[in-house]
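After this come two complexes, each holding chain A, first together with chain B and then together with chain C.
Take a look at the complex of A and B:
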């Protein structure tokens, strides 16, 4: 399976939870208080609630519905609040995916050999923003190429999240000024308007 | 402490929530009168129409002077000034840089009522409006807000304008936070998520149905 760029490191600080799509798989991406990043199936093993609505409690992610806790290391259930005296069996656990971070981008893949790192990004780039376009990757790449951004070097990463929706992650020359970054952010909107029209 | 105002209130209304939230942040006491908005349509009763001919909620009646305010933006401004006078950080009205920015955010917040708010009424209470059109308008607003907050982030800022939250943040917060009720998720909007989290982290933050507290802060 391929590594997919699901968002920016900056956008998932410690204690935050985010939903992501990986090859059609609904996933929850979250970071524990101590900074451990995890990517799991976005389904609570208890009753199926989306774990992306949950909240971080230390090194656990707690489900919004009935508060079951799952630990950052391995996704094993560690607490069932309605049965506080019960030690949950190790078999109650979430499906964990591989996650990695490099150059400020979060990558997830469903499976694959553990020692294969995500693709390297050209040096000297800063993450700018990630945003959704209701179009396919090919059409977006085409639209972006037709509208070259002059003020600074940009690099685009794509993650298909549905047949007609794509998450685009944009990186910009690390030397770019604030004004150039804001222009680039507007350029993203221009490309989206054009491609979606 | 005596009530600063009376609020004609409906618990599921995002506009009423703006006022309850700000009162909670300021620890400003007020008296609440519950109105049966749905299914009773009490906001369109003779008694309420004579108070507010527009037939909308909330309605605020100030205790001193008995001013009747029917626009949430005006109520937020009144509360900020009542609390902190002209120096209030919540409403830097005459600051040449921030004042116009805050007005921009207040107007944007009203636009959220007319887009996301309407789409939500349609989704939740089957309000007789074009739900799809309202939802499209709502998506446009979320994208515009994401762009604005991304600009702010590039400048090292967190709030709608300046270094302190203002009534512009509060005017925008409820319908953005409630947009999933209208089928508009926050997934593709990282800057909005960061800002929502910041508002929810404010000391004295109050919730409403559909807007959860930050459990991890407890």
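Take a look at the complex of A and C:
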């Protein structure tokens, strides 16, 4: 399976929970208080609640429905609040995917050999932003090419999240000034508007 | 999916309020239903214009599309003198009607979903309680359920431990009996009648029979609506949407005894409408 760019490192600080889509799979991406990043099936093994509505408690992600805790290391259930004295069997665990970060981008992959790192980003690029466009990857690439951005080098990463929705991650020349970054952000909006129209 | 079983149950499709607003269209078991007439004389027709039987019970209008409907169960407390009967309107939820009932039978979510209203951390523990299938009428009952609540009902000030009993007389109806120890003789009755619009969408009609003559009607309804809107934020985010009856698909714990019994009971009856029975 392929590594998919699901967001920016700075958009998921410690304690944050985010929903992501990876090859059609609904996923939750979150970072523990101490900074461990995890990507799991967005489904609580207890009763199927979306874990992306949950909340971070230390090194655990707690489900919003009944507060069951799942640990960042391995996704094993560590607490069932309705029976706080019970040690949950370690067969209760979330389905974990591979996650990695490189150059400020978060990558998730459903499966594959663990030693294969996500694709390296061309040197000298900074993540600018990550946002959703209601269009297919091909149409966005086409729209972006038709509207070349002159002030600085940009690079676009795509993650298809539904047949008509794509997550776009935009990288910019690390040397770019804050004015150039502002212009680039505006360019993103223009491309979005044109492609969605 | 098993429509055959579901067709022969009775379902709420209107209350007085909704009828007074004139004719309306709604859905039942996937099909369109036309509702008109008055509360005293409701006229219910299916999409082909066929008149459907109706009855008024528990302050709601009921109908069935089956050829051999099972008799509608009773909730005897509704006839007890001194009780105030409170229909609470309707909340539409994009979920399986069975998931809506199961959620109503669940207390372990109170501290997390109804935070500071029906429960609060760290009071999350669920004490052992009793669940049985009562043979004479084939109903699911959960008794001796206890839970600490910071604000249990409109009439309660401060925190108390509340006693509960739950009763499931039909796959899409759940009745809750709620007692506050200061007034053990006064058992509030709170019910949900779930109208299955389809297997994945329902209208929930809460109805209460209370010993409370003081709280204004609007406040009682508003309180119940708030609770249900909180539940809706859960119910619309469960996967799969249909209730899985295969015990391997979701992992229960001890506090889920009621849910386990409810699912088994559905399975035994073949009440699969809104359930995921394919993997069985």
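By definition in this document, the second predicted complex is superposed on the first by the 197 of 197 C-alpha atoms of A that agree within 3 Å, B and C clash if a C-alpha of one lies under 4 Å from a C-alpha of the other, contacts with A are read in each partner's own complex, and residues count from 1 in each chain.
Here is the rule we use: contacts are C-beta pairs under 8 Å (C-beta built on N, C-alpha and C of every residue); 3 or more make two chains touch, one makes a residue touch a chain.
Just so it is clear, the structure is predicted and the values come from calculations on it, not from any experiment.
Aligning the two structures on chain A places chain B and chain C next to each other without any clash.
When the two complexes are overlaid on their common chain A, residue A:64 makes contact with chain B and with chain C alike.
After overlaying the two complexes on the shared chain, residue contacts for A:8 are found with chain B alone; chain C is out of touch.
Using the contact criterion defined above for the overlaid structures, shared-chain residue A:189 touches chain B, although it does not reach chain C. Of the two partner chains, neither chain B nor chain C is touched by A:118. Shared-chain residue A:56: touches chain B; no touch with chain C.
Of the two partner chains, chain C is the only one that A:81 touches; chain B does not reach it.
In the superposed model, A:167 lies in contact with chain B only, and not with chain C.
When the two structures are aligned on the shared chain, A:132 is found in touch with chain B, with no touch to chain C.
After overlaying the two complexes on the shared chain, residue contacts for A:181 are found with chain B alone; chain C is out of touch. Once the two structures are overlaid on chain A, chain A sits at the apex of an angle of 60° toward chain B and chain C, using CA centres and rounding to a multiple of 10. The least CA distance from chain B to chain C in the superposed model is 6 Å. 64 are the residues of chain A that lie in the contact sets of both chain B and chain C, per the superposition on chain A.
Interface residues of chain C facing chain A in the complex, by the touch rule stated above, are 106, 108-109, 111-113, 121, 124-126, 233-234, 237-240, 244, 250-255, 259. Considering their complex, residues 7-8, 11, 15-16, 18-20, 33, 55-57, 62, 64, 129-132, 167, 178, 181-182, 185-186, 189, 192 of chain A touch chain B.
Touching chain C in their complex are the following residues of chain A: 26, 42-43, 45-50, 53, 64-67, 80-84, 86, 88, 92. Chain contact summary for the complex, chain B toward chain A: residues 143, 146-147, 150-151, 154-155, 185, 187-191, 193-194, 197, 212, 214-216.
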